[in-house]
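Shared between the two complexes below is chain A, which pairs with chain B and chain C, respectively.
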Partner chain A sequence: MLKVNSLITYLQDLNPLPTYIPHPHRLTPQNAADIITNYDLVLDCTDNAATRYLISDICVLLQKPLVSAAAVQKSGQLTVLNCPPTPQGLIDKPYPPCYRCCFRKPPPPSAMTTCGEAGIMSTVVGLMGVAQAGEAIKILASNLHLPSSSSSSPFIEPNLLLYTHDLSSGISPFTFRAVKMGSRKKTCFACGENSPSTLTLQGIKSGTAPNYDQFCGLNTPPKNLLPQQDRISPSEYYHALEKGELPPHLLIDTREKEHFSFGSIQGAVNLPFGAFLSKCFKIKKSGEDEKGDDILPAEAKELSEDAPIFVVCRRGLDSQEAVEKLKELGVDRGGKRKIMDIRGGMKAWKEEVDPDFQFI
Partner chain B sequence: MGSTTKETPEMIPITVEFSGGLEMLFSNKAKHSISIPSKNPTSKSPINIGHFIRYLVDNLITDDRTDLFVLEDHLRPGILVLINDADWELEGEEEYEIQSGDTILFVSTLHGG
Partner chain C sequence: MSAAQVGHFNILYFASASSYTMTNAESLPAPLPLSKLFGLLEERYKGIKQNVLESSLVTVNLTYVDVEGDGEDMVIKEGDEVAIIPPVSSG
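Coming up: the complex of A and B.
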């Protein structure tokens, strides 16, 4: 069942009075304006940067207020944008900011965490959602969704609400924190002084200006760090193991311990990537004090000095980096010890070897 | 005044905080109470946020992945800096001169939902 239908079923149960209209399509630069134009207010509950920039740009052009909420792991962020909506290009006094005014550029893809990877605490999404709904009601009830071109319209100090579900967080002892944001930026691509010439509905629809995927770095091909001889496919590894062709070896799984606890390849030892990198960093900084081999889990000591090492991760990127780091630390004994990446990670393991594996 | 002894740099106490995942680069600790030199060692000008970001990379980071914090000598895109609970753009961004007792919060922006 599509998420949108599941949501509507649930909402109808909760409150049958409103009219719920499903849009069972992915929001794209081609259809976004035609959908959004029918509504007075937009709540952004999406899960990726490219869609967030697209929604904000359309809201600027169609003069719709936007309530934007995001959540990953234990943190949430909420902000009201473009409210009350004001035409593009006005900068004679403080006007409400758009998403680009607050977040000029997206992080590089490598730094973007998704809920699928990092996990998500349901109470965090719940809280952000309720707060988001509250803001929406406030806006509609006070007519702040109506476009204003008159200079008499109120200026509401822009805020960003941060929430962290963590006793030891930076936001503690108060888990909520509201911070002051700036108003519309003169140089903003979407709503600033020259924006009518940089951002148009036609430009978005044609997919050229802006190109959201490119802006968010989604067009860069996946890295293939390691040469072929340092990589082995999950099925090659599995068959070699089954036939007894593999000598005693160390299999390192670099996923976080939560992922690892849901299932792993038999014999795998968990060495979470984050902890692995900090340890690498410490060893490198300490110079001679610590040996490269100190990075390895205790299980390595039960094996011979040259026992091969295989590294697996979730999707096959961290493991390649881990193989590189191990070599940098000299764990490969200048090539005498084989260190190999299991290509494609546990995702490929599920596809090639074990369809019952619970890939999360 | 007239003294020839080498001055020890004056230090100022500040609080620096990391949120939204950035704490993992700083010994997994979200809140650090630290003292930093009040002047930039090379130019002798008061330490500003730009210097301070470099100072963090040289002194406080505990992870190899510095590119998750700085790119090309500037803060990487997707990190908000809040100086005493206000967006750094209201305070002059990298040019803001750090004052004793300031709280500087680095938050990575979230896109999930």
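Coming up: the complex of A and C.
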């Protein structure tokens, strides 16, 4: 059953009075305007940056207010954008901001994780959802969804609500915090001074101006940072291991410990990439005080000095960087010790070697 | 977190900013021109500019500041609270 139908079934049970209209397709640059134009208010509950930018842009162009809520792991964010809706390009006085005014560009793809990958505290997403519904009711009940005729309505500065379900949070545990978002940015690509020439419905529909996937770094071919001889495919590694062709070696898995705990290649040692990078940096900064080998996990001490090192990660990029860093630190003893990347990470391991592996 | 030490400001790291710095908050020397903030953090946490800061929202005393635009001439003062807020895009 499609999620959208499952949701409607549940909602009808909860409240049979409203009319629920399913749109059983993915929201795309081609269909977004035709769908959104039929509604007065949009609630963004989507799970990826490309769709968030698309929705915000369409809301600017069609003059729809947007209540944007997001949550991942232990963090939630909620804000009301483009409300009351104001024509694109006006900057003669303060007007409500859009999503791009707040977040000019998306994080690099490696830094973006979905709830499916990174996990989510159900209370965080529940809280953000209820707060989002509350904002939506307020907007509709006070007619703030109606496009403002530029000069009449006063500017209402929106807040961005942050919620952190983190006992060790910098502020205090159980924290709500609201920050003032300011007004529309003069230089904003979607709603600023020159935006009517940079963002149009036709441009979005054509899929090129903007190209959301490209903007968010999606669908880019896998990066190859390392030369061929420093890489081995999961199946090559597996078969060499099975045939006993590999000498005793160290296998480092650079995924986060949560991912590692769901399953890993036999014998792998977990060294999360973030911690790995900071440790590298610390060693480089210390000059002669710390040796490059200090970066390696304790298991390395049980192996010979020149025992090969293999590195694997989730999708194959962090592991290549890790191999580069290890070489920079001289762990390869000027080429005497082999350090290799397992190409394509655990994703490729699942495809090539172990279809039962739980890839998340 | 408690009030900043004399001659310092507090900086709070949210979400991926806190995973990158492996801390939720710290105290840094003030005054500091806002335009120098990213450079200072990059020195302390290599790669943070590209991976976190450039896509984050920055606030000073709970108010959005435009690091690369209008806020360029601003100075972070002793006792200020700066926050690095990366977007959350999952749902």
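Following the convention adopted for this analysis, the second predicted complex is superposed on the first by the 345 of 360 C-alpha atoms of A that agree within 3 Å, B and C clash if a C-alpha of one lies under 4 Å from a C-alpha of the other, contacts with A are read in each partner's own complex, and residues count from 1 in each chain.
Just so it is clear, contacts are C-beta pairs under 8 Å (C-beta built on N, C-alpha and C of every residue); 3 or more make two chains touch, one makes a residue touch a chain.
If you're wondering where the values come from, they're calculated on a predicted model, not measured in any experiment.
Shared-chain residue A:L199: touches no atom of chain B or chain C. Judged by the touch definition given at the top, the superposed model places A:V72 against both chain B and chain C.
Of the two partner chains placed around the shared chain by superposition, neither chain B nor chain C is touched by A:M340.
In the superposed pair of complexes, A:V125 makes contact with chain B and with chain C alike. By the touch criterion defined above, A:D47 reaches both chain B and chain C. Residue contacts after overlaying the shared chain place A:T187 against chain C, while chain B stays out of touching range. Taken together, the two complexes place residues 44-49, 52, 69-73, 75-77, 102-108, 110-115, 118, 120, 125, 160, 162, 164, 166, 168-171, 177-182, 185, 274, 277-278, 281 of chain A in contact with chain B and also with chain C. On the chain C side of its complex with chain A, the touching residues are 1, 12-16, 18-20, 22-25, 45-47, 50-52, 54-57, 59, 62-64, 66, 69, 83, 85-91.
Chain B makes touch with chain A in their complex at residues 17-21, 23-24, 27, 29-31, 62-65, 67-68, 71, 76-80, 82, 85-87, 89-90, 105, 107-113.
Chain A makes touch with chain B in their complex at residues 44-49, 52, 69-73, 75-77, 102-108, 110-115, 118, 120, 125, 160, 162, 164, 166, 168-172, 177-182, 185, 274, 277-278, 280-282, 284, 325.
Here chain A touches chain C in the complex through residues 44-49, 52, 69-73, 75-77, 102-108, 110-115, 118, 120, 125, 160, 162, 164, 166, 168-171, 177-182, 185-187, 274-275, 277-278, 281, going by the rule given at the top.
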